[in-house]
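In structure tokens below, several structures.
Both complexes shown next keep chain A, but they swap its partner, so chain B is in the first and chain C is in the second.
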Partner chain A sequence: METISIQQTGSTPQVLFDPLTSTLCLLGESYPENSFDFYTPVVSWLKSALQELSVLTLDITITYMNSSSTKCILDLLDIMEEAYSRGVATSIIWRYDRENPRSYVLAEEFLEEVTFPFEIEVLTK
Partner chain B sequence: MGNFTLRTKFVVVISTVFIVATILLLLTLSGVTARIINDFAVRVASKQTVNDRNKILAVIDREVVLAQKMADDTVLKKWFASSDDPALRNSALEQLESYRRLFRDKSYFVSMDSTLHYYVANKTEKPTMALLKPENPADKWYFETMNTVDTFALNLDYNAAIRQTKVWINVVMHDGQGKKIGICGSGIDISSFLHEIVHSGEKGVSTILIDRHGVIQAHENQSVVEKNALERLESKKTTIYSLIKEASAVEELQRAVQTVSAEKQDVITFPLNYGGKQTIASVSFMRDIGWINVVLVDVSHVLQFNNFLPIILVSVLALLVVIVVIGFQMNRMVLVPLNLLTTASQRMVEGDYLITVPVQHDDEIGALTRSFNVMATTVHNHTANLEENVRLRTIELTSANAQLEISQQLITESLLYARVIQSSILPAADLFERAFAQWFVFYKPCDIVGGDLYWLRETDGRILLAVIDCTGHGVPGAFMTMTVNSVLNHIVDTVSIDDPSRILAEMNCLLQKTLHLRQEGGSMVDAGLDIALCSIDPVQRTLIFSGAGISLYVRSEDSIDEIKGDRQRVGYRASDTNFCYTNHTVTIGTGITCYAVTDGFFDEGGGEKGYGFGNDRFNELLKLHAHLPLQKQGELFEQAISTWRGTRKQRDDITMIGFSL
Partner chain C sequence: MDLFELRNEFDKSGIMMCFNGPFSHSIIEETGKAMRNHLVAENISQSAVLDVFAVYIELAQNVRNYLTVREITPSEAMSSIIAIARKGAGYAISSGNIVLNADGEALCSRVHDVNSMTPEERKRNYRELLRRDAVPGALGAGLGFLEIAKRSSGKMECSVRPVDDTYAFITLTAFI
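The block that comes next holds the complex of A and B.
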């Protein structure tokens, strides 16, 4: 299975899969000019990865995303939901800073879209 | 020496070498000359003492031999045998006369033991006869000699009155049977020899004659000799030892005197401190007269250091010449070419690369100079090429920049025109003025054009107001707004405007169709919108709100209500075309103000960590500014979000509308 690693930029998050913990991490802000371009490889990777993996955690620490990025994240959630229905142990951990309630609002919106485990955690650092 | 020039260092080194070499040379020469002087002094002293001795002895020996011949003369012996015979006496006197003429002193004496007659003759006087008497002290010598001497004896006699030193040769005469029959002999005045010896005139060389006890017999200072001659007591006579200050020197001299007196050694030469002067002493024994000849050579006088001065001067000069020649050569071969190179390097530092340094010698410096010239040429070529390259690249860049500027200008002009067009679809202020008692619109796309849209229409006594946030911003967002505007206009023309939920459902369907994004296997691009749509009856003061992703804030005097729109966004691929949006009915009493705001406001990054502005801060602002006129509130919201943003770039388009009836 191929892994995935995309460096963080000012407008795109870091995307990194850790095979040891079977965790896909998204970290940073997400407001690229063309969100679909940016997320296409992530979506493809997730689709194929969920064919092989039995467990996958999506660990998201995103402080801001624009509406087109939101649509792309919803696509990722759809894929995970589909895998979950096949018996893959998908889950999400959403981390946010108390000082950034918009991130929490975003998490709540996503939470309503899925049936698999979705944890919202406060960043402690 | 770090800060000095090579030339200075060189001069210092050369001078140091010169000084050190000169000092070494002088030290060596002074050591060598001291040894030469010493050796010379030793030789002079040894030679002198032997010379002096021989000079005296040569004279004495001849006289002694002549006196012995005289004592052995048969004529004399015959006369001595018959002393009364006048014929024998006359022939003897004749014979004596011939001896007298042969003696150096032109004198003789003869004493006949049988008669004790004493005959004496000299240059001026004819032979005279006297009688020797044992009781006469002046005649004592005769009887003593007759008693103690068998062959001959030499007696020294200094006559102070006439300053004459005489050596008396007394030869004992024997008859045929060996019986002592008398004494004959002569005297030699050695004053002139002594004078010659002690006044040799040689610089730094002095001769002193002493007897076995060290008593001075001949000295250049005549008064010492005279005093000794007149002094009867041996102990009071001046000895050579009394003239020497150091006890060790006295001992040394005494030892030498004893050695030569015992004839164990002919000559002894040794360094001697004589009267505070460093001398070389040479001692020899004159057996015949029992004196010791002491020659003193003053080391400082015999050969002076000055004598070597020319050699030293020539050596130092030669050294100087060698060093000067080396210095000049070094200057010519190293320093001058080096200075040329330094000057050339300096010119290179100043940016002049067209330099050629003349190659003067075919040596290391010459090689360096050649390398330098090659380097200068290379640098010159590179610099010229570089400048040419930079010039060409600058022209290219300038041209590219000009093109970019043109493009940028075209794009900007195009966008500015697009903005004019986008603005034209936005409702004009007089529409708002007619519709609402108070109102404000805060519309700020993050680029020249944006994806936010507000829309207002008055139809059949109702006011229809929409705040729309299309997917994307900038040009794509703007295209969306144009489409959405058309779609909305179209729908409003066909459906009743008092049912906003119906309008939203229609928009959902129509947009999906319009954007052709629902095809299977199509691109991932997905577009839609968030919307707050209000249908207002200004007479009844009622408002029907239907929303998708955008809330309506209703602020009365004592509360703020947020009426959330449905979560189902409009027009996206995934949007459910059968979804029924909710209608919320609100009564707008006096003092009620409504606000609709796109999420660009809440998400605007700012503050310390760049986080979104957030709903809480927004609610606080609503409360804070409640009492103010709406236009003022609009300004304050704009100000607040600008302050929050600080120097950051705006993230998303922002639209906020507030109104009251």
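The block that comes next holds the complex of A and C.
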């Protein structure tokens, strides 16, 4: 299976898959010039990865995302939800900064959209 | 060029930072960073800094996406403008750009719709738009004004000024 690795920039998060823990990490801020262009390879990778994997955790630490990124993140969640319904053990860990309560509210909104395990944790610095 | 006079105008309006010119992603990003650093130094809460920054990003990206989608060339668009000003105990963030005459009206009516929604209605509308299939060619999800309203302390303001038979100039202001 191919892995995925995209370096963090000022306006795009790091995207990195760790095959040892079967975890896809998103880390940083997300307000790309074109969110759909940025997330298209991530969406494609996730789709094909979930055909092969039996477990996948999405570990998200995004301190700020613009509105078009939220739509792209929901696309990722939908793909995970579909895999979960086929028996793939998908789950999310959403890490938020206590100083940034909106990230917690956003996590709660995403949580309402899915049925697979979704943990919201305080970011430890 | 009387920059002294221009600077006085900025000061009178409480403008802390302003960019006027063609928007590029790197300009949006760099101006945003500078603004954030400036706000952090003002000793306001981290979440307030992020609210101002988020509203700035939505407004600036809206302008850029709009001009791109409508294929308005830089020479037609001339300069677009974004400014952050002190307003009472908070901040006002404004964007101004050229729009097609018909779009100016449509954008203002969308702003008024969002302004008149309760937080519950906004949340429902946000969810509907999130779930709607992406519009082909669109660069955003149409969520920008809802995102701005979520982070704002008052209603958004919108004004449109005619420029010529084709274009108008739209100004949008949000308050934090």
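As a convention for this text, the second predicted complex is superposed on the first by the 125 of 125 C-alpha atoms of A that agree within 3 Å, B and C clash if a C-alpha of one lies under 4 Å from a C-alpha of the other, contacts with A are read in each partner's own complex, and residues count from 1 in each chain.
What we mean here is this: a contact is a pair of C-beta atoms (placed from the backbone, for glycine too) under 8 Å apart; a residue touches a chain by one contact, two chains touch by 3 or more.
Model, not experiment: these values are computed from the prediction.
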| task | Considering only touches as defined above, state whether A:E52 meets chain B (first), chain C (second), both or neither. | result | neither
| query | Counting only touches as set out at the top, which of chain B and chain C does A:F36 meet: first, second, both, neither? | reply | both
| task | Would you sort A:N66 into first (chain B), second (chain C), both or neither based on which partner it touches? | result | both
| message | Looking at A:E2 after the superposition, I want to know if it touches chain B, chain C, both of them or none. Which is it: first, second, both, neither? | response | neither
| said: With both complexes superposed on chain A, which partner does A:N100 reach: first (chain B), second (chain C), both or neither? | reply: both
| Do chain B and chain C touch any of the same residues on chain A, and if so, which? | 31, 33, 36, 63-64, 66-68, 71, 74, 97, 99-102, 109
| note | Given the complex, residues on chain C that touch chain A span 25, 29, 33, 45-47, 50-51, 53-54, 57-58, 61, 123, 127, 130-131, 134, 139-141, 143-144, 146-147, 151
| remark: As the complex stands, chain A meets chain B at residues 29, 31, 33, 36, 39-40, 43, 63-64, 66-68, 71, 74-75, 78, 97, 99-103, 105, 109, 112
| message | For the complex, give me every residue of chain A touching chain C. | response | 10-11, 31, 33-36, 63-64, 66-68, 70-71, 74, 97, 99-102, 109
| query | Considering the complex alone, what residue numbers of chain B touch chain A? | reply | 469, 471-474, 523-526, 528, 530, 567, 572, 574, 599, 602-603, 605, 607, 609-616, 651-652
